[in-house]
């Protein structure tokens, strides 16, 4: 059984490499390399899996799952600049792919504490683009 | 090839255990334990898999699939109280997880009769929460 | 300038009249007259109007608007039975139309205190049905 | 007859006043005053009104309307920082209300050239908040 | 009080004038002039207004409203070619504007019979384009 | 890591077999067998998988992915009649299942050239129906 919780956050970001020239950044990252930043309303889907408890009918308490996501992710990134201010994005290029990996790494352990297993992290950057990460295999 | 049909229903429910005290029910099930009921607009996605018929270009006739879902699920649960009135929920805690399992059990056999195989049952309780069940393995 | 805030709640309800027979209730209110209740995920849009403050660029602080809607509406109706438990629905048939009127009457005064004017209350019962109320004129 | 065109853009912004202290900015503008910026996927609805041409069945050519919105708005603001880089936001607090007014002022004249009249500008900052402006009356 | 019912239909259409050359049709109507047709999933919102009945809490019975829309519109246009097969589109250019006017003319009278008044007809051709018609004034 | 790009197109189609009588076509394909065509706004989700480049943080450049989908699919099918005008649908029954297979076959090779692998093609014909294809295994 898989259960999924949707959360929202918005943040500024910029895609660029310091070791690239400005024109190389523009060529590789396009409009996303704007030095003055831009931002998105991100939508995050966290899917966990586990057995249904015969006692409660739950895989896990969704309220607790929501609190874990807020404490580890939303409270740190919402209304923030993910290149500068978000500890779990330090040292990573601020692509949606890297964001999904970082969110996975933040959530994998705490979700074990509620007796379930993280299955996937899906991040929508716009209505037209999303990435999904299932961990290292 | 996988094909998916979306259907809607709304229903009242309550999460609680008779062997719990009221305060224990409130602690475990939160606002969902309200003795006076509450309800949702549920969204149901039924995914089936099979080979594409060279004769029709279909895995299965979607109209027939819709009729199966209506006959076995929607007609029984729509505008109903799922704790009291829905035969396939009898004896189950009315969690979304248990609802998905019950729907799976209702649909697995009839979908075989149309030459396909049930792949997953996904139930959205709100815009922010859904469960997905792929059967016992 | 008009600003709109969307909120969600879910609730059980039943449409019926005590002075009707069961068959008359069924005839007039259809499946919505189910004595065992059913429920919905309601979506509420509150639109207010006012001048844009040159100091803040706001008509009103959206956070404050959200708090008003939560205090007067959401906290009272979310996960509740609107026929039994919701003070502002006492004595009213629990139709979406009457719900919109009741929400208008609850919000009209508190919205004046934040220097704006209530313009409309829109309530979606399902994806396919909504009502909108602009007050008495 | 009213016709509406939806467009998208994303941008960074910050709500603050230079004549406020940091703590005053935080008090008035909340998380939106973050000095390191944040951003949104904005959704823009431009509604125009006019007579239906008996020759074409159109109020106006939607492709031309789309080009006008792109030339005057989207090309200037998409993937940009609206406090720093967007000419039509210069000297304005970057609230959604002011953004809608600025978009109105940019579009009002060019829409006259295609034989229609601007009716409203609606800007969604998130799924839960939008503003709508109908011009000065 | 305003109540709105959403319905769906899909249809083929083509925008062109017989008295135009092919190249003129292409210039004016673009890809929509394709002689081999194309089509859309249209979304129709019908808004009616009226007083709330103290007896039922309704402006009008939504089920009856839905039946009127199906009988007069959906049953005639769904899965059809609106240039060839739809009586109420005969002699009209198949633009979304003209479609909205034709739907208005079909619905205005039957809605009076249920004690309400047609307020607006909104037709979405795609997620990005819609028209809204309020009748002749 | 999986990344998904959403695209839209609309097209006319008809489901029928030349070797069936009209009544047999109607029986098997229902309203979709209308000889005068009908059409849909299709929504296409293309999911690719691959490793995240440490240099760019990308699995693949989404702009390039979008261009591939436009060149091979959208430019050929948008505003077209898929039974008559679309090369990759020649000789196939115009069902959504066959459309997904044809899109898979068109995209599989070009996506290899950008260093990723096609994972799935999902096609939504309406809000209520979609198919998903993962290739031959």
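Order of writing sets the chain letters: A, B, C, D, E and F. Residues in each chain are counted from 1.
Methods note: a residue touches a chain if its C-beta (ideal position, glycine included) is under 8 Å from a C-beta of that chain, and two chains touch if they have at least 3 such contacts.
Computed from a prediction, not measured in an experiment: that's the story for all the values here.
Shared contact partners of chain C and chain F comprise B, E. Note on connectivity: the fewest chain-to-chain touch steps from chain A to chain F number 1.
Same interface as A-F, judged by over half of the contact pairs sharing residue numbers, among the pairs B-C, A-D or D-E: D-E. Set against the C-alpha centre of chain D, every other chain centre is closer than that of B. Chain centres here are means of the Cα atoms, and by that rule the chain farthest away from chain C is F. Spacing of chain B relative to chain F, judged by their CA centroids, is 29 angstrom. Distance between chain B and chain D, defined via averaged C-alpha coordinates, is recorded as 42 Å. Those residues of chain A in touch with two or more other chains are numbered 127. Contacting chain pairs (ordered by label): A-B, A-D, A-F, B-C, B-F, C-D, C-E, D-E, E-F. Note for the complex: chain B touches chain F at residues 1-7, 47, 52, 55-59, 61-63.
Chain A makes touch with chain F in their complex at residues 15, 17, 28-30, 92-98, 100-101, 127-134.
Here chain F touches chain E in the complex through residues 8, 10-13, 31-32, 34, 36-41, 78-81, 84-85, 126-127, going by the rule given at the top.
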